[in-house]
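Pasting in a structure now, in structure tokens, and then I'll have a few things to ask.
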Amino acid sequence: MIIAGTEYTPQEMLVIAGSRVLENGKVVFVGTGLPMIATLLARKTHAPGITAVFEAGAVDPALESGLPFSVGDSRTSSGASYVRGLNSAFEMTQRGFCDFGFVGGAEIDPFGNLNSTMMGKFPEDYMKPATRLPGSGGASDMASSCERTILIMPHERRRFNKKLNYITSPGYLDGSPGARKKAGLLGKGPYRVITTKAILGFDDKTHRMKLLQTMPGETAASVQAATGFELLMDPNITAFDPPTETELRMIREVIDPLGFFVKKPQKAQVLYQF
Amino acid sequence: MFWTGLTPDEARAALVDKDKSRRDKRCTLKEAVDAFIKDGDNVAIGGFVNIRQPIATCHEMIRHGFKDMTFSFQSSGMAMDYLGGAMAIAPDHFSIRRIEFAYWAHESFGLSPVFRYLAERGKLELEDWSNYNMSARFKAGAMGVPFLPTRGPLGSDILEKCRAKVMECPFTGTPIVLVPASHPNVAILHVQTADQYGNCIIRGTEATCPEMAMAAAHTIVTCEQIVPHELLTRKPRDIAIPFFAVDAVVQVPFGAYPTSCRRHYYFNKEHIASFHALAKHLTMEDKKPLTAYYDDYIWGVQDFGEFIDTFPVRKILEEYHSEMRNFEKLM
Amino acid sequence: MIIAGTEYTPQEMLVIAGSRVLENGKVVFVGTGLPMIATLLARKTHAPGITAVFEAGAVDPALESGLPFSVGDSRTSSGASYVRGLNSAFEMTQRGFCDFGFVGGAEIDPFGNLNSTMMGKFPEDYMKPATRLPGSGGASDMASSCERTILIMPHERRRFNKKLNYITSPGYLDGSPGARKKAGLLGKGPYRVITTKAILGFDDKTHRMKLLQTMPGETAASVQAATGFELLMDPNITAFDPPTETELRMIREVIDPLGFFVKKPQKAQVLYQF
Amino acid sequence: MFWTGLTPDEARAALVDKDKSRRDKRCTLKEAVDAFIKDGDNVAIGGFVNIRQPIATCHEMIRHGFKDMTFSFQSSGMAMDYLGGAMAIAPDHFSIRRIEFAYWAHESFGLSPVFRYLAERGKLELEDWSNYNMSARFKAGAMGVPFLPTRGPLGSDILEKCRAKVMECPFTGTPIVLVPASHPNVAILHVQTADQYGNCIIRGTEATCPEMAMAAAHTIVTCEQIVPHELLTRKPRDIAIPFFAVDAVVQVPFGAYPTSCRRHYYFNKEHIASFHALAKHLTMEDKKPLTAYYDDYIWGVQDFGEFIDTFPVRKILEEYHSEMRNFEKLM
């Protein structure tokens, strides 16, 4: 089985950080990939009362058959309190049932706007982009209609840019007061950005990204160095607690025993359980 | 404003002129594809990413060959990979002109090398939307209204390159987006169960399948099993699509494979991965590996049944048993 | 049991006429009351392939448990091909799935507009009408969105008025060319008016009501005398065939054995079967 | 533009501030009515005509007494008759200011003498709509959009006295109606089955109950039976209303009686007819017969259980068996 210990991968830390940010008793609209894993971890640790909503239409599934490979797969339906389709999920979100949207992204700017569509010049090269990403999926909708959003992504300088190649999912737009409301968007906007290096929030007035906590091994300077724009610094930047043994065991043994989604340290071994 | 597929007026007229009576609509997949899909059509792809994708129908379309197609979907994985792959390796036989969509990739199974190959070379006309935008567009079509109001894609660059219009809400004075209805020429869907008339039961997420069926001028349904009408209608509220929204019903067991189908089979992850490994050669302009796949699995077989026969029984049973574990409380 | 014979009531004739107008293989959006009975009769006689849609959300129920008392009651759900709710029924209609809307009304004008809302001055007395009727229910929606409508009502002079007290359900509006389309309505408009005295249609150009057939015992003159506006006369007015024994037996013995909906002749007796 | 109940912004804010977690919401009907309904509220009435009307909750509201209420519904029979009858005979104890509605009568069981009495004397503020208009208004509320486009009531006098707005469709150039969302303060619904958290299964027509639950700030559900969550969720697609749209769950067997409830009981036609016979005296300004009914059946009993006890067991079983015959194929 797995040898739990003090060693862990940045991806494990990322998932654990995502999990800890989630509050018990809240309704979380869960995006695909990292948010699914973090939500499952939160439910199995400090926040068993989280209600997960999946964009393919399931509300609050039991999630007892293993980690879904898709936000629409069979594992999101079993034991659910409601299952319809995409329209129903997004309509509930527009109505206000989802406290948090939890979503990944490829590129982010200081105001929490996200890009998951393309790299290259927009609009000129839209039909022939340098790199074509998958597209919005439900990310734009979550950003438009969830009450708050939590963003989760690897912390790399090329992903944290002052100006995005393309805005897929609106954050605080240009950061001006009331910009979201003026645009017709619902919800208060981005709440946290969870990365492999830090927990970031947003300044109440300027809506610019602000460093709140550093991941183990990181400093304010190292986080800033990995960020393509200037971060605001919270007056009380704290160190984020490293993973607990329980959290690591839960990821490695229960949630993702095959390491399909979350990379384990080299020496963490696992039997074939799937 | 331009419309792809049918305009709202045309969509209404097509339905008015149609025989909507409860008829036996069983046929072969080849007959259905021949009868209802034409070059240049806008075809809606059912399912969601790699859930209940209409793979059998896509294979049949690829064997048939089509030109200048438009495909509309919220999120697609293997269905679009198969269709796009056909265009990549045999553009004279199968070509896509345009896609209206929100997402083309594979979630946990990664990006789509096919999509990257086609898009980054400018081979497709793109209209990006969000998942809800596309779903609401089909829903508007299904409801017989020319648009629906939504919040997304306000504040996003999606707005700049799509046909959505922003208006001031006459009741609240705040901006809201109107997304235009989508009325595809044909919807292709895979479901768990249908009767001979086309009534369909969907298990798990219905994705946007009912809306597509209602919005499209014609709908081709493949299903795991056809059961008698009297059995299907014992619990009428199980029915997600009524017969008059369906034109062809084809029993195709494992018709969504290697994608998943609740109560029947989970993903064949290895096959999806191997397809992607072959497709990655496209980015180096090497079409041979993917062509070999099509030769073996699509062009080299008569029908989807023969495609399924290429898998060892034990592998097929593995996906079946994986899926059985996904809802053990049911049993 | 019932003694079938040559005797029948005007209501029985009305239901039979309504039934005969329905074509086999068509989708009929069935309003409450007389349209339900006529549709059931058509299905049990010449048009077994009619698909009935009910506004509470059922499509094509088996209708083998007896005549529903409501377009939403349990009898409209059993054996149905689809059951959702009111929104789904009307959305399908807007989409174009319903060939005919089959509806009753309290008051009608020469262009097939219907009133089922109020008698009295409108808009002045809207909040205190001389007679308050039930309101639109689904009638206005059927008239707006079904491809054609068939109207069924008792033929009384006070119900056939040149100007309605209130337009609940649009027919040809003012009868001008393209009036429906200009107003944004779907469908071609009223097809037939079935009454206790006649079968009426509408002139293709003027969209005014036109006498097509007279019920047994009626003449063009007697129909006109019972109508509060001038009727156009078809060049070939014919006599409508009287009820067949099969039709009468079907109503009296199968569809409405208790005479709850359709009055029988005095001497037609029935056992309690309900 | 004015809003009754909540504005779209208020409705969103109310939901954002609410505890939406999966909690045990079982309580008595009296507790639910006391906690969630206030004078002046806009209350949505579930069911359709005499199908699954929330009769038990209406009786409880009448016992409680409320002032200046607005009621919103598509089509109502006995629920509105009971509420309106209370106003007719005891206006100081129970009063209705306004109704937003499409139909108040009884289909095969005739007109409503109560409605005629109140409306023809100008005692109600009326806003007539069509069934689809009202259904679409609740749906707009449920979808979190301020309006939905519809065809009706174009060309009708309904337009003149309601808050719908006609606009030119920006995509097709033709007129279309926008109906404003309805966000009632409270929705009162009766369903067949719920769990302790408020997940609801509806059999037969769902009428507009799910939309009402989603649109309202608070929802009170009465049900024939409460079953454990684990049992209810074995077939998740049976669930018509998810728990977070519900605030109170009360098990009230026969809670829709004398209206009907699929799988449980058909109409008590005789009781409905006798209520109407008593209510007809209102038109002659004689309130005594109807007052006697309320004394016997509503004010004279502690709760709805005692109301049901006033019926002989054999009569209750008659409605049960009538309903069993309505879907014999299920058995």
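Just so it is clear, A, B, C and D label the chains in written order, and each chain counts residues from 1 on its own.
Heads up, the rule we're going with is that contacts are C-beta pairs under 8 Å (C-beta built on N, C-alpha and C of every residue); 3 or more make two chains touch, one makes a residue touch a chain.
Keep in mind that this is a model prediction, so the values were computed, not measured.
Here B-C and C-D were compared by C-beta pairs in contact; the pair with more is C-D. Rounded to a whole number, the gap between the C-alpha centres of chain A and chain D is 41 angstrom. Distance between chain centres (mean CA atoms), chain A to chain B: 28 Å. The set of chain C residues that touch two or more partner chains comprises 58, 62, 77-79, 83-84, 94, 145, 186. In chain B, the residues touching two or more other chains are 144-145, 150-151, 174, 176, 203-204, 230, 234, 237, 329-330. Going by the touch rule set out above, the chain pairs that meet are A-B, A-D, B-C, B-D, C-D.
Chain D makes touch with chain C in their complex at residues 48-51, 74-75, 101-105, 107-109, 111-112, 115-116, 119-122, 124-126, 128-133, 135-136, 139, 150-158, 160-161, 166, 174-177, 203-211, 260, 262-263, 266-267, 269, 322-323, 325-330.
Those residues of chain D that touch chain B in the shared complex are 1, 7-9, 144-151, 163, 165, 167, 169-172, 174, 176, 178, 180-181, 202-204, 230, 234-235, 237-238, 329-330. The touching residues of chain A, counted against chain B in their complex, run 32-33, 55-58, 62, 65-66, 69-79, 83-87, 90, 94, 117, 122-123, 126-141, 143-145, 166-170, 173, 180-186, 260-261, 274. Every residue of chain A that touches chain D in the complex is listed here, in rising order: 24-27, 49, 51, 58-62, 77-84, 91-97, 99, 145, 147, 186.
Across the interface of their complex, chain A is touched by residues 11-13, 15-16, 19-22, 141-145, 197, 199, 214-215, 229-230, 233-234, 236-237, 239, 241-245 of chain D.
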